[in-house]
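The letters A, B and C name the chains in turn, as written, and every chain counts its residues from 1.
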Amino acid sequence: MFKKRMAVLVAFVVVLASVLAGCGNSKSSGSSATKKAAFKAGMVTDTGGVDDKSFNQSAWEGLTSFAKDNGLKKGSGVKYLQSTQASDYSPNLNTMVHQNYDIVYGIGFLMQSDIQKIAQQNPKAHLGIIDAVAVDKNNKPLKNVASITFKEQQGSFLVGVVAGLTTKTNKVGFIGGVNSALLKKFENGFKAGVKTVNPKAEIYAQYAGAFDAPDKGRAIAQTMYTKGADIIYASAGNTGNGVFTEAKNRAKNGKKVWVIGVDKDQHDQGMPENVTLTSMVKRVDQAIYDVTKQTKAGKFPGGKVLEFGLKENGVGIAPTTDNVSKKALSTVNDYKKKIIDGSLTVPTTDKEYKEYLANLK
Amino acid sequence: MSYAIEMRNIRKEFPGIVANDDITLQVQEGEIHALFGENGAGKSTLMNVLFGLYQPDQGEIYVHGKKELINDPNDAARLGIGMVHQHFMLIDKFTVAENIILGREPKKHGVLDMAKAVKIVKKLSEKYGLDVDPNQKVEDITVGMQQRVEILKTLYRGSDILIFDEPTAVLTPIEIKELIEIMKRLVGEGKSIILITHKLKEIFEACDRCTVIRRGRNIDTVAITDTNPNDLASMMVGRKVNIQVNDAPYDPKEKVLEIEHLNVLDSRKVDVIKDLNLTVHGGEILGIAGVDGNGQTELIEAIAGLRKVKDGSIKINNDDVTNQKTRKIIEAGLGYIPEDRQKHGLVLDFSVGENMVLQTYYKKPYAQAGILHNKVITKKAKQLIQEFDVRTPSERTLARSLSGGNQQKVIVAREVDRSPQLLIAAQPTRGLDIGAIEFIHGKLIEEKKKGKAVLLVSFELDEILHLSDRIAVIYEGHIIDIVDPKKTDENELGLLMAGRKKGGSEA
Amino acid sequence: MSRILKKINWMTLLIPVVSVILGLLCGAVIMLIIGYNPVLAYQSIVESIFLQPYYGGETIRAMIPLMLAGIAVAFAFRTGLFNIGVEGQLLVGWFASVACAICFDHLPKVILLPMSITAGGAAGALWGFIPGLLKARFKVHEVISTIMMNYIALYTTAYLIKNFLYTEGERTPTIPAAASLASTFLADLTQGSRLHWGFVVAIIAVFAMWFGLWKTTKGYELRAVGFSPDASKYAGMNVSRNIMLSLTFSGIFAGLGGAMEGLGTYQYMTINSAFTGIGFNGIAVALLGLNTPLGVVLSGALFAGLQTGGMTMQSEAGVPVELIQIIIALIIFFVGSGYVIKWAFGRLSRKGHK
């Protein structure tokens, strides 16, 4: 009896497998013909994925626009591998290295140690890391890694200026993803910007503890808006999407509040309630585009710590300025010039911010 | 002459085991036909074949003389075959009428016609003298009544051949009497009945003919008027049955169990044992008679250390074991055949072998330094299986898959083998067939002969009268009287159990 | 009767196998519908794992915590308890092992490595003991308390790292080499994968579960209590103590799983903002492995293979990694609906007789 059942099962499997094989063969024959030694650039996302409306997405946009300009194909010329958990970073990076990608980016400082290890194991590979500096045991930058960092404090300062000039309640908020040195650059730059143009303004700052927790972002936003803040700078990746949700809800109920977006121009995300005041754009796409371009030209910036600031067009305020007043915009431009020419240094750490405040008075 | 049911040469095989081997069953129109056999003889398999739950590997089924294929219970129902299951399939929260019409509701304009349903049920109930109130909820009526509801369900569906699966197992003696009357009335109205049972008494009271099966085979079909209980029992067991009697002389030795002024609370914190005194000697069987719920369970649990003693003392072999841990009491010399063998006596998902060492697994020779000696355990299990005639394919078989009688044998084997000074047997033969009862009674008597103390708790007066050297009657938590079984009878015990002492005074 | 039993055993074995096959087939169908090539996808999984040492090594590495988590769940399950808290026990084990390694970094390897592993196990044990105590003393259902303990573990470890062991990159410093399970030998053998000596620990754990449950008196007791607390009580066993013990042992296995991540795979602990998922996958591993030691090894291998292979599937066949998650979910779904499979086979066999 058992045999009979097994036979039925086996037959079923065989039939299905052959059907699948049939379909498969017809397809696979076409795709295997890719040219050898063509330039390939790849990136490994963190667990957020390429559609996180933020960081990973911006990086991928950089690669795709590079591909477009250079006639590379998505999926072969430029490609991303998505990680579903932290332990996937290393195999994903390794895979691309083994497949001889000309450059492989690790998107985010969470991949720092994996990048470092793989760079040391594969000295010939070209790697890039965003928001971190890859170093060896002696704390020296690794020769085959391009470390891409941003002067987020500068961009944050500018949106701080906008917030300081726009707030009616004189209360603004900052929501960060995870409390870290990197996010502190956002926070302190923003606070400095607000205080510079609006010394009376009160600033609430809080960290959600995660980049992928929209529910928490929303809860914190709820508290801040209720306490009277009318603008929140959401610098928290996917967590920031919760801030948008809360702002939109309030807008629907007739209470106008603003969100300042981060990383990308998040104007569209504020629609249709139109809650995005402006966004601090971090041009990860620009940086990736630049580094990839240099690599293709044979000038891979290995061992260098690249800093993208206002000057390099690596950070800034979003191109969409519909909701920003003319006065605010011109003030922003004034400060932008000062920062670029070096007459204004934006604080990055809590200590620098304190000193900055002291000098303001 | 045509039969209501004729099953010819039925064979049903499960992987490796022949449950029914060439069985022929012929039920005449309008008779009560007993299907008689031990647990596991193949009665249920045969009935499941008839009811369409199993397909026979061989053989044919004729219903009212016509050959039929019964693929599922719906076919069976269509042919007028109805089964009154041992475990009722009723919805507690529904009324009797609702339960009966469930699945075949009378409708008026597409809407359930409850009034009509009640009327139909009432009519059926009156016709067969079932005396059921259609409007009562099932949860509010007695088990006996629930069974009648099950009977009504089959009648409502138009069955004229009714199968009763061990219907008396859950009933009180009075309810059994009433059921037999109902069955006779059903037959009087032209129905045919198959009664599955292993109780001789019922067959002789109710049935016209009887088919005996043993180990999957037909033994014989006889008219009840042509046979007697001893012959039938021998046919079922396959050998001469010896009704065990406690014939060893009563020779009490030293006190083994001494209970003084015992007070115990039940789970609701109500006094269930009140100032109870009891002594059991080596070399005697002390039977405790009483109506269920008079403190028997709590008394045993208190002795075994499973229930806290509020007041008083319990001594085993002069060791004070009051409120000691169960393991300590076991080690002091307690053996215990619990009332609920499946819940308390066995780990059903353990193998027979593992169950054989449930209290001794940590001791030499079964274990040393915390490591089990599985070989020794297996050897012991094999020995006990043989010694106590446990019918199991091997010691590795799960206890769950044994029949009730064999499960009980496992427990008895385990407890007796430890050779405890005091053996408590609570309802040791409930639900077992003659062969197993005979065996277990024999073992209890054997223990007595060895000089052990046996405390027997049973609701079956026959059993108590048969086995005990002394009978203690428990009533509302204390021993109302201790009588000599030779000088008493069921009537006197019945009165004592109801709380009346000799001379008619209320205790 | 026994034959019926044997039949049931066959059936139970059949369910996981059929579930895996069905899961893969359904995955293939989904790929076809979306327009990917399932043959290429599965081929890339098999080829990478069996032909490329790197992915083979990564698979075994991924197996280590999965096996330990699976053993933890299976062990508790065998004793009648449902340990949903493996995730939390794993996190505290991870933290404790890393913290121990960092705090005592001057000790030599022979002391520090075993000590750090033990610390992980001990932390897991504590995290299992608490729900055990709650159940034994106050009858708090272990499913509820272990879930709560998961959250406590997640936030406690994050807090502790942030305040005491913080370093750049949202994590603890890297552990000293003296506490590391990583091995250049194994890495070289597997083209630089993160395979580490933790697999020895995992194998020992599998053996320990088998030996402990089936060869010792304690295991006998634990299983008896798990199957039937009533009968065990009547046989003189201490049911409460066994419940506590069982969850404690289960916690040890889970804690070791965490230690393997801390001392082997990562060499540090990140501040987790969400659960790692290993503990929950452990439930699936145990379920698919029928809660047997060998079964856990096999299903652990399957899950690890799918996870690692999922990444090559992404890079070779272009199939999104989410699909692997769907396949895993489908397999679990089919195991969970084993009743349906049994029923289907029952139908099949009956039809055969007509």
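Just so it is clear, a contact is a pair of C-beta atoms (placed from the backbone, for glycine too) under 8 Å apart; a residue touches a chain by one contact, two chains touch by 3 or more.
Everything numeric in this text was worked out from a predicted model, so none of it was measured.
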| item | value |
| --- | --- |
| Central chain of the complex, centres being mean CA coordinates | C |
| Chain whose Cα centroid lies at the greatest distance from that of chain B | A |
| Chain A and chain C, separation of their C-alpha mean positions in angstrom | 33 |
| Distance between chain centroids, defined by C-alpha means - chain B, chain C (Å) | 45 |
| Centre distance in Å when chain A and chain B are each reduced to the mean of their C-alpha atoms | 73 |
| Interface hub residues of chain C, defined as touching at least two other chains | 7 |
| Two or more partner chains touched - positions in chain A | 1-2 |
| In chain B, residues with contacts to at least two other chains | 15 |
| Residues of chain C defined as touching chain B within the complex | 1-7, 214-221, 223-224, 227-228, 230-238, 350, 353-354 |
| Partner chain C, residues of chain A touching it in the complex | 1-2, 4-5, 8-9, 13, 16, 20-21, 23-25, 27-28, 75, 79, 81-88, 90-92, 94-96, 98-99, 109-110, 112-113, 118, 121-122, 132, 178-181, 209-213 |
| Chain C residues within the chain A interface of the complex | 7, 10, 18, 21, 25, 28, 32, 37-40, 54-55, 58, 62, 158, 162, 168-171, 174, 187, 191-194, 261, 265-268, 270-271, 273-274, 276-277, 307-308, 310-312, 314-315, 318, 320-322, 324-325, 345, 348-349, 352 |
| Chain B - residues contacting chain C, complex | 14-17, 40, 55, 57, 71, 304, 306, 325-330, 336, 338, 343-350, 354, 358-359, 361-362, 367, 370-372, 374, 392-394, 397-398, 401-403 |
